[in-house]
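Common to both upcoming complexes is subunit A, partnered first by subunit B, then by subunit C.
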Partner chain A sequence: MNNKTIHKIPLDQRDSKRTFTVVAAIFAMLIFSVVYLKISFIDMFMGLPSFVMFFFEKFFPPNAENLKQYIPSVVDTLGYAVISTYISTIIAFIFGILISENTNKFKTLRVITRGFVSILRNIPFIIWGALLVYIFGIGGIVGVLALILVTIGFLSKSYAESIDEISGDKLEALRANGSSYFQILFHGVIPQFVPAWINWTLFAFEINVRASAVLGLVGAGGIGVLIDTNINLFKYEEAFSIIAVIVMIILLTELVTNSIRKRFV
Partner chain B sequence: MKPLLTIKNLVKVYGKDTRALNGISLDFYPGEFIVVIGPSGAGKSTFIRCINRLVDPSEGAIIFDGQHMEKLSWRKLRKERSKIGMIFQHYNLVGRTNVIKNVLHGQLSNVPLYKSLLGLYRYEDKKEAVELLKKVGLQDQIYKRADELSGGQMQRVGICRAILQRPKLLLADEPIASLDPLSANIVMQQLHTISQEKKLTCIVNLHQVDYAKKYATRIIGIKKGAVVFDGAPSRLTDAMIRDIYEGKESQLKLKGESGMQLAVGQNDE
Partner chain C sequence: MEHIRVTSKGSLGKSLLLVLILGAVFIAAVNLINLDMLKFYERLENVPDVLSRMMAVDFSIVPDALLNIVTSLALALLTLFVAVFLAMFLSFLAASTIAPNRYLAIFIKGFFAIIRSVPSLVWGLMVIASLGFGNVSGFITILISAVGYLVKTFTGSIEESGGEIIEAMKSTGASWFKIVYHGLIPLCITAFFAWITVCFEMNVSESIGLGIIGVGGIGLLLTQAINTYNYGQTTTIVIMICLLMVVLEFVMTRMKNIIKFGNS
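This part shows the complex of A and B:
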């Protein structure tokens, strides 16, 4: 063997040109967006002090006088999240079974369900909220409905993927001994699906707590309504303490869901 | 004697032109312990799965207990399947369910859904499940989750599940292929003892020719989707074995004591 020829040993087979093109393209996108939207980083930077000033002048000190009056809204918000997660998990479970190839052999039905679920999922919940407010008028039912629709979309897909992952082997044994479809479902699929089910549902609950705090901004009930009204009334100190309450709720929710996860999964 | 299972001109074609079974005709009689041997890809799994229609045959007839399996509607097929127990290479237990419930799955076809959900299996079934588990030495693992067991233990649960069906026919597709030699020995021994006790007809796919010779009352050799040997173990000569595994000698799994291993091993590569 000639020693000179092994002087250079490339570690990659790909040519570096491609990497360069990709990086350049990503950078070009950023430049385009900034130029097209006429965003000035200088303005942004210069605005920072006045933003901080505004924040400290108007929002501080947080006004915690009315803290007790928020309680109903906090309960509302959590209630929306609980109800919507509850209802969604049931409906999404049925859709998940209809979407997964493991549990539904009818291709057309699978495709139709998948399409429907994908529409639910891909319309952002704030747009569902705005749409539904238009139909039902302002109120709590709108918030719950919006959350349910999006959560069904999200959970159905996640459930279906987890059901797909259950190996066909285990179900084959039940198929081979003459068990019925629903027996295979309840004795084979569901026991194996439980950990994934708990995980996804808790995750959906976390998302829903966040989302239901925001829903008030489009008039769909919950604690978000309070932020909206207080800011509109220039009561910034009060708005600030409401925001603090929301952050607390979200952190608490995560604490609770994480401990449930540790215990059950 | 009337055969329990008759197979006539069985053909299975996967896709367009993978002929896994090439016209197999066989009769199986009550009480036989049949071992099917053959190199990898010969069609052993396809053959055994066609019997209970986990694989749908392309041509031919499968007459089990007087019923044409290949013609049965879904409902009737379920009923016939409940008379055929099956044991799998990868055990196929429901991992998060405990041992005794896995065994009771063998009775699902005889219990309505709501009863099985509430655990209302018949007392005799529960009693037999416990007795079977005792017999295979798992009396201390009854309430353990199936995925906490060792491979050998899982396969013994698999055997109990199949036996609890009170089947007329027992199919096993390489029941010991994933086990270490010690567990393999125990599992094979128990499978044989139990099926002898219950006077079951067994069809077992195996790679291990020495096990086949030890337990079988009849050995069937399959090669390229066709039967190339069918007879008593004593008639299976070394030359015959070499012929069945021709070109695939490295797959022959024999113990050193038979003296075959060296002779055959040298043909490898």
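This part shows the complex of A and C:
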């Protein structure tokens, strides 16, 4: 039994010095954050349990008495998502064509569109909502407008990436045949782009449903208004039933989009 | 000359039908909700006025805004760190290829599916109702949604790429912990890192958004500027938020590429 003393084979060959510096830097940043935010560790780790306690005390059980009154807001919320998905799909498709190198040969135009789209995409949707409510006043149409702007930002980039992925060979073959730009677009680019288009659009619809459910918090209509008022009036149980309704909407949307996706893609 | 079909037979009818259905859904949606177009047109008169007043930049807010940006970033980073730890732990319990207990795995997956389907701002409202305004509420809110997101994506990565390694290591008699630590973590760490960078971007944008409902950070500063009708400050803060997010996107893409292709 003496051969137990064979030397150990190291299982990892990482550079320990570099790992150490990275870990140290991360820890320094974390400690800085804790100090800067003035959070005490106890608060931080007790936060979640005390939230869960509060949740079960106040929000439970959901009060489902006024369930019928929510239906108009639910319809509004879904309607905003549908309308904004439609409009932004069309606009984003044009932008996508303008951004992609496959379909747009003018570099300046590409760069300008890309910059514009990245502004739309990078500002969080709730900030767009707040800004547009500030400019146009409260109302459902402002919510639709905010959703359209954010979705254009998201979809244009995704569409452009999908168009970029279309192999250049086929387009070159078409070009060699002497097809015009629009012939290439309609017979070369779009048929190959359709699966990705369906996929991204459904994805955008899911995001829009989620977003339009909360846009009410800044006064842009939909079911979010109800949550906000009920929580401000301390009617937690009713707020919880509205939240449950939102969860149902979102899960149902995912179910529907997934089944459409399986059919078409 | 013979005519060559470019599209297959019957595809015209199909696409016409599709367009009709889609159009009907759109018109139904427009009719079902009352959009109040008239009121909107009336208000449009004020818009040029508001916009022209917003064409101002107020530099006095910049230092304050920078400090608040650091708050938002710090909140996002702290949450990210805790969330990554929790999600690593949970996702190895939830991935179907390695899960020690099948029912526990199903439970974790279902639980986080429900958590994910509540929008983060709604979590924010609930947390603020229970813990009050402040950074702790922000921390908890972002933590909830970040863990939800990371558990889903981590589990996906493990299930996608782990199968053969798990089998090989199991046949040598390695324990669950050894499979995870020496087999799966080194394998999945690049995929994890890509998700972590995405999650950090989401955290930052969430921590900005949470300012709207009262958690600290740059969002709160923006809300204050909006509520006091301070046009110059509003524009400045929005520009700064946009710059922050653009820079963040750039840095995160760079980091993702460095980790992926290893040219550091």
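Annotations for the structure displayed:
We take it that the second predicted complex is superposed on the first by the 237 of 265 C-alpha atoms of A that agree within 3 Å, B and C clash if a C-alpha of one lies under 4 Å from a C-alpha of the other, contacts with A are read in each partner's own complex, and residues count from 1 in each chain.
By our rule, contacts are C-beta pairs under 8 Å (C-beta built on N, C-alpha and C of every residue); 3 or more make two chains touch, one makes a residue touch a chain.
All of these numbers come straight from a predicted model, not from anything done at the bench.
In the superposition on chain A, A:188 contacts subunit B only, with no contact to subunit C. Once the two complexes are laid over each other on the shared chain, residue contacts for A:86 go to subunit C alone; subunit B is not touched. If you count the residues of subunit A touched by subunit B and by subunit C, you find the higher number for C.
Of the two partner chains, subunit C is the only one that A:231 touches; subunit B does not reach it. In the superposition on chain A, A:48 contacts subunit C only, with no contact to subunit B. Within the superposed three-chain model, A:71 lies out of touch with both subunit B and subunit C [touch as defined at top].
By the touch criterion defined above, A:94 reaches neither subunit B nor subunit C. Legend: residue contacts after superposition of the two complexes on their common chain; A:137 is shown touching subunit C, with no touch to subunit B. Applying the stated contact rule after C-alpha superposition, one finds that A:109 touches neither subunit B nor subunit C. In the superposed pair of complexes, A:175 makes contact with subunit B only, with no contact to subunit C. Of the residues of subunit A, those at positions 187 touch subunit B in one of the two structures and subunit C in the other. Taken in their complex, subunit A has these residues touching subunit C: 11-12, 26, 29-30, 32-34, 36-39, 43-44, 47-48, 50-51, 54-55, 58-59, 75-76, 78-80, 82-83, 86, 118-119, 122-127, 130-131, 134-137, 139-141, 144, 187, 210-211, 213-214, 217-218, 224, 227-228, 231, 236, 239, 243, 246-247, 250-251, 254. Across the interface of their complex, subunit A is touched by residues 6, 22, 25-26, 29-30, 32-37, 39-40, 43-44, 46-47, 50-51, 54, 70-71, 74-75, 77-78, 81, 113-114, 117-119, 121-122, 125-127, 129-131, 135-137, 139-140, 143, 182, 186, 205-206, 208-209, 212-213, 216, 219, 222-223, 226, 234, 238, 241-242, 245-246, 249 of subunit C. Chain contact summary for the complex, subunit B toward subunit A: residues 52, 54, 78-82, 84-86, 88, 90, 92-97, 101, 105-106, 108-109, 113, 116-117, 158, 161-162, 165.
On the side of subunit A, the complex with subunit B involves touching residues 169-170, 172-180, 182-183, 186-188, 191-192, 194-195.
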